[in-house]
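The following pair of complexes shares a single chain, subunit A, combined with subunit B in the former and subunit C in the latter.
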Partner chain A sequence: MKEVRGASTEPPIVEIRGVTKRFGAGRPAVDSVDLEIPRGELFALLGPSGCGKTTLLRMLAGFETPTAGEIRIDGADVAGVPPNRRPVNMVFQSYAVFPHMSVFDNVAYGLKVTGAPVAERRERVREALGLVRLDGLEARKPDQLSGGQRQRVALARALVKRPRVLLLDEPLSALDAKLREAMRLELVNLRIAVGITFVFVTHDQDEALSMADRIAVMEHGRVRQVADPAALYEYPSCRFVADFIGKVNLFEASASAGRDREGRLVLEVPGLGALPVPHPEPVQQGEIGLAVRPEKLRLGESRPDAEIVFEATVEDFAYYGSETRLFLVTEGGVRLSATVPNTDRGPVRIERGARRFVSWAPADTLVLTE
Partner chain B sequence: MDTWHAHRRAFWTFFLPPTAWLVLFFLAPLALVWGFSFGEKRGLVEIAINGTLENYVRALDPLYLRIFGKSFWFAALTTLICLAVGFPVAVAITFAPPRWKPILLLLTILPFWTNLLIRTYALIAVLRTRGYVNFAAEWGWERADAALAWVGLGDLHLLGERFEPLAMLYNNTAVVFGLVYVHLPFMVLPLYAALDRLERSYLEASLDLGASQLRTFASVVVPLALPGIVSGVIITFIPALGSFLTPDLLGGTDSQMIANVIERQFKSANDWPFGAALSFLLMYVTFFALALRAAASRGRSAMEAA
Partner chain C sequence: MSAAAGRRLAPGPLEYGRRAWMRLTLLATFVFLYAPIATLIAFSFNDSRRNIVWRGFTFKYYEKAWNNDSLIEAFVNSLTIAFVSTLASTVLGTLAAVALWRFRFPFKGPHEAAMALPIVIPEICMGVAMLAFFARIGWPTGLPWPLNLGAITIAHISFSFPFVAVVVRARLANFNRELDEAARDLGASEWQAFRDVLVPYMLPGLVAGALLAFTLSLDDFVITFFTSGPDTVTFPVKVYSMVRFSVTPEVNAASTVLIAITLLITGIALWLQGRSGARQLPGKG
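Let's turn to the complex of A and B:
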């Protein structure tokens, strides 16, 4: 696991040390996780369903108790602290906006139960509703609101408490596609406006990449990699992360042919031959994977002057508007997928069975040892 | 639902028998009894329905009003105790592990598998002077008395000269106790249904926002379970109000409820018109209560739709 540490010298707002959570026998839902979340970050817990990301979030909120390990929020160990005494608030996946209360009462609830004076309550609710642009809807009942508005109520209700950390469980999954896109940017701007650390759980890699400052990718209860979006995409630490984030061509190297004159690693891939890769770190023999992102592949009708180049047949293609994805087979029988941006208007000039030269730069090849 | 217009004969074939059954065996006798309430007893079995209101006037005599009042009081107290006891039970079932839920629900409705009469006699065996509760109390008293003697306080007779059995039967307390025992499942089941539908995230959201467990219960659980509470209250209160077996078997001379009076009119007193008037007074009140509930729920949904 490679961790890119934040530049901040302040102690992290959330520290998770060796946290494990077991529900009964079998594999733990969360398995010895170590994480540090610096102040003011928009931090994403990303992974497929059942990877333990929601359980980890619920442990931060206090709804689950770790079987082992320690969680510190703003420096304080929160073991044994019930949810109602933690300096964090949560936006639930279902929003859980109280159906029997008006928008105002929903947002005021957290202030009322802790005995904030009426005048302060009114002022802070007004401020919170302004922040999520729900002014004027104070008297509405939740069943008179759209899904997007209900989510804003849930956000305002949590933010009005001024938590040290705001936890969001799949905050956008209940919205329709168009609204989801718009809310991504809005959440990012909201975080900047309030300056609170946001930790959100998502299974949607696009969501994590486009919103988060940093992302922890989880699989089977373990954190596989913590990095900022670009590092995660361009330098995945393992096959799982490379495959889970974005699309990728994955090859398994059969042997290492050593290093060439420039000191690059030369790896033998069945069907593709020897491929040079700049990779200064020493590698163990065997179990080495190679990965190239589809958009890094160049396609040409004539043989380009490139080190890595293969002649391939277009087996199939799919048009996506902004880009076209091609599925090719090399003469060695290796399948490749390539993404070509549709920079020019006009008909797609590709057909099944067409011959193309595929090339990529050695520097765009990833070496995966895990 | 759009096809029964097209298959009129099939519709009537299925619709007629139950309708005929209900009209013949439910509505007609009810109408007959309603008619009796405006009638006059002419002979041993002869009743003339002559539109007199005398039976109702008699029914509003303070003697009967007091019994009405007492019945309402018993039913209300029963409902209240059932709610207080049933709510924790319903909460416990709701939050029990999934594999325990069907077993706990089965235990809740298990009493229905035994005849009410037998259950009431069983209750008598538990509560009477030489009953199980008193046996247990006596055993406890003897042990406590022996302990006091052992520490040298035996001569003071701090617990009395001898064990005095508790009088738990043939009084008003016994009636309410019996009514609570009989009607508790009627309260638990609708409460459970309401609580089980309640989304857990509402409770978690309340806790997350800083509310204590108690506050969450009062501000979130109770308001959201309100439809279940109202249903439970109604289906506990109405049968409790009309009970006659429990006050008959467990009650003393002054604990008869209105149903006992009605039963007596139809049987030993053989005054059907007066019994019918008392019955229908009880029914009017019940209908009024149901109409209130309907109005309340209509008001609520109208408020939500506004």
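Let's turn to the complex of A and C:
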């Protein structure tokens, strides 16, 4: 796990305490959220569509007022502070680049409107455009820019204000796949270069995992788990997070069998039988989620010497270049998916109907009590 | 293939321009629309008092119109009213459109409908209503120029500002609110964001609305007729009174000048629009 950043002496730059936002009757868009974001972190809000990510971000920016709860930015309560007086800036999902202004005027707008002297303006705009590598395009109008360039304008326009927190709403969703990949790295590097706290919203788990220092996973307005990417992936706290982040084989099990001699929990999974898992914490009786990631499954043509092993038939497979995904069905009729890295060059040596032994280590099993 | 190349291909489904009946309809439409105007302009140069047969080219009637003091006075009145009412109705209409677009308030739907009412109410009813209204409140008459044009101007504003509001509102419907929020986020006050982001965006709508207001005011007859007095004759009212005696080339000449002015202003507006609204789609409804 990563070391805790920003030492304990420094207060978090963003504190969100019990924040709820209701739009009329029904389920709140954001439901009693508590978050602390340390200075200098690249923090991701991740969740499916409609889970309240944008609403939370807009409350930080000042475009929505929380129904209940408190937001502190750099130690100060921002309730009642209008967006133009908050030490945060936002990169909008649509980029919202002013269409009637040149690139220079767009980036300079935030300085002009607050009355910065012309010379300072020019210097800072030049610097910001350099940061996002848009030098030389000052005179262009937005409609003469590509989508990626427009996004850089939006970034530069926010960065030129030197905010304490930069908010980004799905910053990469409007870009094509290749550019998105490149911009991920660029955003991370940019964050390091400017040293500003970034809070970004995304519904793309790959994006969150590859970019963020820490991720808050949201569902129906609530934060389900906050953790760094590896912890989130390897130790999800609930079925929702396990299922939402990455791919997973998820089973419903019962803990009726108790513990074995080594003190491991024995879970009964219909069709798979009793599976031992190391899980020292006590568990409630009843339904327990049991999950294992597809890449943790090992496949062999002969029976391996393993505790958890099943014989299965390959139902289907899909080739993804770097890996192959297999869809298997065990003798007990349970479906499993496995991914196998394509480490060797050459044709895929698998066919439908082939029989394989599937095994995994008890330690790779996730126990999900929620 | 070689056989087909020799013959002319049958017109495709969208090639209306190649169908004979379509061309004919088009021609007929243009003739009906523009022949009267063309005749009007042509006969303004006709060297004849009776304006029926062509007797030769002359500028005489332009000179005559220019020297007709009451005609010029009516003309100046009309332009003054048009300018003032355009200005006022553009501002009012824009504010109304922005208010309806921006805010949520009780009875917003009825408000919007009531505002558009002057567009659908028959002009004659508006005229009578205006006459009754100004009489009822005892609007002063006999004021010095240009104050005596007040009643007409107010009447013009009241029927032309809904047109501006409708046009501007249509344009605002496509506005990306994130632009306004971006400006606020970057430190602009509400007023600064309005001035720097919303107004430039609305500009094509403003120009179109203003143009509409101007032409509506300039050629309005019915409502003006009811609100004008003997000392506040506008151009259309004056022309009407002249025509009642006879259609002279003088009337033609004055009308031609009016057409020229309208075209000129439209041209200027379009040019301005093309320059400022650079490649933005005009949001006309």
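In this text, the second predicted complex is superposed on the first by the 360 of 370 C-alpha atoms of A that agree within 3 Å, B and C clash if a C-alpha of one lies under 4 Å from a C-alpha of the other, contacts with A are read in each partner's own complex, and residues count from 1 in each chain.
Operating definition for what follows: a contact is a pair of C-beta atoms (placed from the backbone, for glycine too) under 8 Å apart; a residue touches a chain by one contact, two chains touch by 3 or more.
Every value quoted in this text rests on a predicted model; they were computed, and no experiment measured them.
After superposition onto subunit A, partners subunit B and subunit C are found to clash with each other.
In the superposition on chain A, A:161 makes contact with both subunit B and subunit C. When the two complexes are overlaid on their common chain A, residue A:321 makes contact with neither subunit B nor subunit C.
In the superposed model, A:80 lies in contact with neither subunit B nor subunit C.
In the superposition on chain A, no contact is made by A:258 with either subunit B or subunit C. Across the superposed pair, subunit B and subunit C both touch subunit A at residues 61-63, 82-84, 89-90, 92-94, 96, 98-100, 109-110, 113-114, 141, 143, 157-158, 161.
Every residue of subunit A that touches subunit C in the complex is listed here, in rising order: 61-63, 82-84, 89-90, 92-94, 96, 98-100, 109-110, 113-114, 141, 143, 154, 157-158, 161.
Of all residues in subunit C, only 176, 178-179, 181-189, 192, 196-197, 200-201, 276, 278-280 touch subunit A in the complex they form.
Put simply, subunit A touches subunit B in their complex at residues 61-63, 82-85, 88-90, 92-94, 96, 98-100, 109-110, 113-114, 141, 143, 157-158, 161.
The touching residues of subunit B, when paired with subunit A in their complex, are 199, 201-202, 204-212, 215, 219-220, 223-224, 304.
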